[in-house]
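Presented below is the structure to which this report refers.
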Amino acid sequence: MYSFKNDYSEGAHPRILTALMESNFVQENGYGEDRYSEKAIELIKQRLDQANVDIHFLSGGTQTNLIAISAFLRPHEAAIAASTGHIFTHETGAIEATGHKVIAVETTDGKLTTKHLRDVLIFHTDEHMVKPKLVYLSNSTEIGSIYNKEELEQLSHFCKENNLILYMDGARLGSALCSAENDLQLSDLPNLVDAFYIGGTKNGALLGEALVISHHHLKEEFRFHLKQKGALLAKGRLLGIQFVELFGDNLFYELAMHANRMADRLRKEITKAGHTFLSHSPSNQIFPILPNSLISELQKKYSFLIWEKVDQDTSAIRLVTSWATKEEAVQEFIEDMKKTVE
Amino acid sequence: MYSFKNDYSEGAHPRILTALMESNFVQENGYGEDRYSEKAIELIKQRLDQANVDIHFLSGGTQTNLIAISAFLRPHEAAIAASTGHIFTHETGAIEATGHKVIAVETTDGKLTTKHLRDVLIFHTDEHMVKPKLVYLSNSTEIGSIYNKEELEQLSHFCKENNLILYMDGARLGSALCSAENDLQLSDLPNLVDAFYIGGTKNGALLGEALVISHHHLKEEFRFHLKQKGALLAKGRLLGIQFVELFGDNLFYELAMHANRMADRLRKEITKAGHTFLSHSPSNQIFPILPNSLISELQKKYSFLIWEKVDQDTSAIRLVTSWATKEEAVQEFIEDMKKTVE
Amino acid sequence: MYSFKNDYSEGAHPRILTALMESNFVQENGYGEDRYSEKAIELIKQRLDQANVDIHFLSGGTQTNLIAISAFLRPHEAAIAASTGHIFTHETGAIEATGHKVIAVETTDGKLTTKHLRDVLIFHTDEHMVKPKLVYLSNSTEIGSIYNKEELEQLSHFCKENNLILYMDGARLGSALCSAENDLQLSDLPNLVDAFYIGGTKNGALLGEALVISHHHLKEEFRFHLKQKGALLAKGRLLGIQFVELFGDNLFYELAMHANRMADRLRKEITKAGHTFLSHSPSNQIFPILPNSLISELQKKYSFLIWEKVDQDTSAIRLVTSWATKEEAVQEFIEDMKKTVE
Amino acid sequence: MYSFKNDYSEGAHPRILTALMESNFVQENGYGEDRYSEKAIELIKQRLDQANVDIHFLSGGTQTNLIAISAFLRPHEAAIAASTGHIFTHETGAIEATGHKVIAVETTDGKLTTKHLRDVLIFHTDEHMVKPKLVYLSNSTEIGSIYNKEELEQLSHFCKENNLILYMDGARLGSALCSAENDLQLSDLPNLVDAFYIGGTKNGALLGEALVISHHHLKEEFRFHLKQKGALLAKGRLLGIQFVELFGDNLFYELAMHANRMADRLRKEITKAGHTFLSHSPSNQIFPILPNSLISELQKKYSFLIWEKVDQDTSAIRLVTSWATKEEAVQEFIEDMKKTVE
């Protein structure tokens, strides 16, 4: 049984494990004040072409989202998210548990626009309602779509004009930036958003997200929030070492490109076989609509999510590729698909 | 510069890294539902001689404390802790951030007694005050002392009688259980406390604590709390693999015993050299009182915490040993100490 | 300028003020333990035909909702409400501020059905999502509709089967129970819902809501929550005295009936004048759709909310009547409306 | 049985009830935007000799404390209070329930000094601990003592230098300001503290505290917090009308002076009778130490709190006087005391 269920089914890229081995007996300070974390921060700053940001390493996406958002907001302020946004549906009310409402907006493609934001601001008129203050984007989104530069610039402009904090969930930022349709650079982000994170867990690390805070006002005393929410690892080196490996050369990008290539191949062959897709998703998650009989057949050898029922005879499934996805597995999946169709 | 600052200066025991290597490309379910985590749970249950407990793996002590305590308590209920307790002083108000007061009790040795608890209950008379509901112990404590079986039985009995939840922070449980003065078994704990955790981070793991919930009522829907607080790692296997290694044989105990042996040697030689100690600490943290001149001399080659000023000429320092502490380093420290004294 | 903006524009029914005068120098215990509060509780229990409920007096609707809901739920549990529900839109995220998500459901008439609840339960599958646990109804709803007995019985049955807490916001319960279309008795409520409150503020009191908890498990230690959230008034007598007045005889009902009669008259005459309504609202809030020119004319003498734009030429307004609404004002409004039309 | 248990045993000063009567049928805006509240704000600003403050009316002390403190602090920040401070012991963890630790300081007289504050700042060194940010004073304190101008100036200076927010709980501010030993003016307070409240409930109102925010940065969007925590009364007029009455002339001061006069008389006669006091309390709460036999005798006719056991034969009791305390009752108490002694 080969799994296309997600991009965190395996361990870590072998270079990361080797780096852990090699550094294992070096004594370091705890809680993220080790030299590996410091070096990783420097390397990422170089990639961002920005010395003037703060960078912190955390263990996972939900943790990063909840700590960043609760640190940034005052008690009466709320986040705005697409209704498909991870914080709205799949984090067990983590943001609300810190006291903040998430205002959900219906979208067709998982992406927010300035139109959405304007409507929310118009609706929230006074102190009997929460104050919308932070805009939560994910790139790529939970349904595989990505923001292009112009879209992000418009959102950025709108947020600055309306005194909104713009925050990007980058759990799958690698895949987004390496998409064939992408025109954003990593170094664009500190200028366009107030804070974002670079996802390591879903791009080859054992665990780890690098939170980048570019808005000066949001940086203040952030480590208190990390500690208070249980995110400061005693052996913070574990995160530092991994990001040194990912950003010491191009490993971060290479892993994302591999994932995308595997998704591209699946997309292309599924298209060729005459199937359509639930959404336009030029990243490492694709949502083909397949006949239920074909799905049943494929489930014998592959695991993946049934995303939603489309009509009587067909359903959309979700196929996710990763840095670890094997070319042969993709090839075999394609052949099995074709075979079944015949 | 050799560090005796803490027990998390190095990486992980090499067998753990090897296990990560070997399992790296096996595909597993995410979020702690992988086969390694399942196996680790079985192994720990065997050690506990208890099938009827729930076990969850988390990333660190603060995270475990805050999730357990906030899951166990209703909004008006409070935790009782020694004023030296980690949740009271060194977790940035993590428990209060979940809405619960921590009632601090002054102790001489970092250990709570039924006398302390009774006084707290008597003081809290009605709904104008919080309701004391959970008792937080650490074993070993933050100042190196340990609970013996009789002490823990008395606390357990008192808590049952008074409908209090008894919770043990086991960040350094390995060292406590392997202390020369210990008479507790790991398998005693599920009978004596309602929940506790077995610390991995400070005993040879990269990160990881195993939370054991024995009180039936506290088990319910616990994974919701893990997710909501950002503690469910996508690659939960990372925690499972490590605990399989620690509890597949006696590695957990061997590592703690090594740490204790190193502390014992330091303690013995420091005593021999005529110095006294701030507290009785038969575990891997010791607090010798040394002349300031000697401390200055030692600081040239070793790093450690100055714990507190004792009088004009002497201070207590904290020396912590671990699974990774080198015998030669200990030997050299002892010699340097003697040399300086002469 | 006469106001139809809401049902809290005036002070209190004169009998309440007289009762405050008469009791003014009697010394009483504080914090709701006075003899007036005790008597009021007894009187309400008689009306409910239920000795076995707990009753607490609070100062307002938002306060009552947030204290009840946060006391009833564990951290990972959520409330379900209509998207028009007061807790979802007009309480500044009060429920979320206590840590709980409010799951909103779109409705046509402000009323929840078992179909809505079932859909929510089906959607929330596991620990990556909140657990829906409490159902929030308002009766009458924020848009004037009311629940009939059969509807409430179905909801009650569904909630019991699915282990959901059923909670009713009764800010305007008086008006609902006195509606011409109502077939519910006050004494039905303890059997059908787990907790509800009887609104005093909008039915003739200076301030005050009587929270009735019928589900045994939810009663426990409730006064701690009142105190913790700042709801225990030192002079709790202020609330008790008012509810003694409202429920010592039929004052509560008489006041609601007056409000409804005033709304009925407005509704009837507006209908007669050929206008339609935004919603079916047989209670003290009505939402006629009027030509914008007529609205402008009426605004010269009356204040009321413009609820929403309906088309180019017409808008829905909200007219609210109360115990204090003067018959002559209603008559004059009707005449002005007719006059303008001509 | 005459009560000296507290200063909220009766209703309100009759002028307040009359004012409620007279204004009863005037239609007003809700939620504190009525003309009475506006006028009360103007009157208080005049008394403060300060136009540049924000004033909000709330229902009680716990509510005011929890809303102000939670609005002023970021998640990792904590309040400092005397261990006798109301927020530390008698508000059911209300501050912690909003996420913030209260750091308690032991004092001899219920009053904080710069020495206390300095020690707290020195102790809290880094992000593993909360950040002390707000200083909570009560004046008069919970044990009857008051701050003089020099003490408050020193605290104010220290707080400004150390970027701490200085907040004063004025539940009994009237009694403090009218004490024979007081040298503070109400108009000093906006210059010396960042926010404080003027207690109405314990000085002749049915309920009501006037929160004054003088620090510009703390004023922002404060009404959101009021609404979110359930403190915006629909009929906010109820609070406004009362403060118009209290500050329209000297009623506020007259009521406090009466309370103090009654306490002074008790203090003087108790002293004359040869008894001592637990604390120096020149306000409306006194704590005489009396023989247990005398206490038993007095309890037959009077209710009051037994504050603490002093030795085998004597205990300290708490006697509280108020605007409503009757001279004859005081006289009778004194005579009964003397009689019993003989």
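To keep things simple, chains are lettered A, B, C and D as they appear, and every chain counts its residues starting from 1.
Throughout what follows, a contact is a pair of C-beta atoms (placed from the backbone, for glycine too) under 8 Å apart; a residue touches a chain by one contact, two chains touch by 3 or more.
On a predicted model such as this, the values are computed, not experimentally measured, just so you know.
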Q: Could you work out which chain's C-alpha centre is the most distant one from the centre of subunit C?
A: B
Q: Pick out the pair in B-D, A-D or B-C whose interface repeats that of A-C, meaning over half of the contact pairs match by residue number.
A: B-D
Q: Could you put a whole-Å number on the gap between the CA centroids of subunit B and subunit C?
A: 51
Q: Averaged over CA atoms, how far is the centre of subunit C from the centre of subunit D? Could you give it in whole Å?
A: 34
Q: Could you list which residues of subunit A touch at least two other chains?
A: 75-76, 91-93, 97-99, 127-128, 130, 224, 227-228, 232
**Q.** Residues on subunit B engaged by subunit C in the complex (per definition of touch)
**A.** 31, 70-71, 74-76, 98-99, 127-128, 130-131, 221, 223-228, 232
Q: Spell out the residues on subunit C that touch subunit A in their complex, using ranges where they run on.
A: 75-76, 78, 89-93, 96-102, 127-130
Q: Flag every residue of subunit B that touches subunit A in the complex, lowest number first.
A: 2-3, 6, 8-12, 14, 17, 20-21, 23-30, 59-67, 91-94, 97, 201-202, 206-207, 224, 227-235, 237-238, 324
